[in-house]
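We call the chains A, B, C and D, going by the order they appear; numbering starts again at 1 in every chain.
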């Protein structure tokens, strides 16, 4: 664990050439090399930007990658799991993982692409911390995690239709069918219901 | 305490007599209601009322100590634990369980076994004497000193051994309860 | 990929983790209802009765709208399943629709008892993406605001978790000081809770005259006030009995659950982002990272109280080094970061508060994700609560120090 | 003065108790509690209604009386109604035997004692009647058809039954000294012995008062209505007048516990050290006021506890009751009995016992303080260095 007060590791912009930050290829980075060796065929691409290493891996291999990172490279702490919706891109989603290593005092970002409807192997059995994060990602993007012990919606309620953080989900919200006072707030609900410019998607 | 003083002279005369009859009828009524009620909590409440009424009769007969102890021990202690248990029992489960009706016949058989000796004791010389000698339970060695003292003399001197034996029985029962309760508690873990 | 395709070793490991997850109370369906009795055996009057109890969403000690479904035997918790999301407002969606600077006020509403740290984390992320240098004065003021916010957040925690355990008086003491801190915020930026007190590249305003002197006075006063709270609680036997040994988490468990902040420090891991990956000017400040070894509720209490003292120390140093200067870095009028992705995090009062920003080169973030410490920390609640009593659950919710605005975003 | 017959005076006194006690509770104790707690918690407390907030009690009362009386849909209607009644009646009944002062003269030939009844089992009667009060809480919790209320009711059932035992046992030890159950006789005997029973019965007093606090469900034993755990415990589903009854019952119970403590341990209406010549001026104050002042002190203690202590956990409360208080009170009985046997019929044995207890308590107090100081020192030593002194502002 991080016991000694060491000078800050390579984070921030200071090391990268000024004035403009640029992404560089990180294929020769030790962690990426270790991953390529430990999980053959996993690494698709890699880059370094602002001192942060990003590895794009194959979707099917993500659980193995996480296991390898945790066991061989000592990334013991799963910081976060989330996703990005690229809407028009070929695999529609990027599922993004951040791991942290106490001994290295640094983070690694792992990404994998996932098309709409494709299952991503769950890492909730590798990192307990990923449990809720994957649930949230499922809830917000509709990405299913295969092998997750308890994949339910977490922030929206059970029975909610749609996934709010997808790019095609309207900002105004959707008719959830949960109108409480229909005479006051008609179908399509919400305080803005009387607004003629209001977009309602059912 | 005026009424109670009047009761001293005779058991069933005057205001105290009427009070006694009233209390006795109420006790009978509540006791029947205990058996009659469908809801166990209501049963327990009627039993509580019955205990309190019995305590009233005790106090009416100037047995204040026994009356107070009746309230303290039965109403304040034992009935609370009864209620505790009843409330812990799932009401739905309790409603579905046959409420001991199949014991009718046995109860009927057992009734004379207890009733006859009870009536016999009531009919003996010692108890018929009370109406004539109201101080029987308030006197120690012929001297009238009050019910509390009389009870303590009886309990801690005359009948010390039975008293202690009874307390040992209670202790055994208590330890048994603890052991039984402990086992069912471990089952949860 | 299904389980059949896994190798033997992987399956073993999966079984191990599934067992561990089950032990932690993860993964049971929420609406299971009363456990049906074993078939063929009618229920008796004296069977152990398992009761399902809804703890919240409206409950005095869930610190907001948190629902916990409890399976209890008497008062003993067999299982606790948190149900969050009652305060979900789609903040991450809102970020995507507005320009970068417009996102800052939204962060105020996440951890609403520590808005300054939220602002800070957000701004830090964008600054990192833009590669902007923040002027020194702005750095110092940011640290001052952060530490004030940490103090006020810990004061809220101290007061409310005291009330949860029936100690009412510390609440009033703590809120007296918190009010003063809020006054400082109000004087600086006009708001008391939703501060919006930082900008990308620096600060919105310079400090008002006399602010520093008054703050110094307050800071000098504070250690004695902290002593007051400790007087009421630290050595109190009842307080100790209610907290020592409650909700123990080992260091390994903390890492496994991704816990950060005082929770991980109370379990013996000296890890604080201010020290591990210093941002702003934390690397030149002299402060200690308090740790304890037992990882129970009492140790988390001690760690937080000691953190307050350290915050006082940091505040003094910052106030001492404050010199006139620029408060905004060289930031373009329209912020259009390169089409890249970045993750930056700070040590918020609750733990690691991070933002993950994906830019597509436009003036709005393509994706802005928040890594909320409360949300992740709350995951450990089922593990901590299992086997304890309902009274302890209250202590545990308090000790995790959640803010539902941040959990649900 | 034919109208002032003893019977009539008794009725008047009963009426006074029934009418005055709620008033005292509503206007004095509640206001005092809120103001004192306000003072202890650096805030004001009620200060708007009437001069200095003195009419706050009236406002609260009006609010409670005019509030809608809600009975939950699937509650046991009759039991739900019965519970608050059961909570309040025993508490008021018990006040009948409390002697608040010696006889006072109303007219030339008419004097009346300041108690309704002096029955020869007074203390036992008190214990018996107050033990009925628990039903209000249990039944209220059960009848509300609410899981939190139910848990509150269960908690209080266990708690009150458990703490009645040490309470009774602690009084037994004092009864060995008083030789009477009559409360009036107990006060008289303290007068005759020139000794308040708190001195030889120091341990008894502590046991009694702690279990008394537990019996009245007050901090730190307020588990049946722990608002942060069980929302409001047994009275969650009560509102309006029914809630006011529970409220009144709790405060009346507080008054009774304090009254008994004063009567049995603190010489009832007697002034302190009334037999010391130099302090004979204390007799100028009417005895009734002495009684009131002493009761007020204990009520203050209740309030003080409330703003100082965190709450016990249920199992810890039970452990305290069964593993500490009951054995300790049994030991106490033996010690007191031995002291009385040592010097039968004389007070010096009791006085010596008092000194012994006093010395023991002082010793324990200092040991506890020492332990606390050591723990504090260890904790400070374990704190990160340089925490306490300012490195730069020196």
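Just so it is clear, a contact is a pair of C-beta atoms (placed from the backbone, for glycine too) under 8 Å apart; a residue touches a chain by one contact, two chains touch by 3 or more.
Since this is a predicted model, take the numbers as computed values, not measurements.
Between the interfaces B-D and A-C, more contacting C-beta pairs are found at A-C. Of all chains shown, the one whose average CA position lies nearest the global CA mean is C.
Averaging C-alpha coordinates per chain places the centre of chain A 60 Å away from that of chain D. As a whole-number value, the distance joining the C-alpha centres of chain B and chain D reads 30 Å. In whole angstrom, the spacing between the mean C-alpha positions of chain A and chain C is 21. Within chain D, the positions touching two or more other chains are listed as 154. In chain B, the residues that touch at least two other chains are 88. Across the assembly, chain A contributes no residue in contact with two or more other chains.
Note for the complex: chain C touches chain D at residues 51, 53, 59-61, 74-75, 162-169, 171-173, 176, 216, 220, 223, 232-236, 238-239, 241-242, 286, 288-290, 302, 306, 309-310, 313, 316-317, 320, 389-392, 394.
The touching residues of chain D, counted against chain C in their complex, run 37, 40-43, 147-148, 151, 154-155, 219-220, 222-223, 226-231, 306-316, 372, 375-376, 379, 383-388, 390-393.
By the touch criterion stated above, chain C contacts chain A in their complex at residues 1-3, 10, 13-14, 17-18, 20-22, 24, 26-31, 84-85, 88, 90, 92-94, 97, 128-129, 131, 251, 255-259, 269-271, 275-279, 283, 338, 340-343, 345, 352, 354, 356, 358, 366-367, 369, 371, 375-376, 378-379, 408-409. Chain A contributes residues 1-3, 5, 7-9, 11-13, 16, 18-21, 23, 49-50, 52, 54, 60, 63-64, 67, 76-80, 82, 84-85, 96, 98, 102, 105, 107, 109, 119, 121, 124-133, 136, 140, 146-147, 149-150, 152-158, 164-165, 169, 171 to its touches with chain C in the complex. Contacts from chain D toward chain B in the complex involve residues 76, 79, 82, 119-121, 124-125, 127-129, 131-132, 134-135, 138-139, 142, 150, 153-154, 157-158, 160-161, 164, 168, 181.
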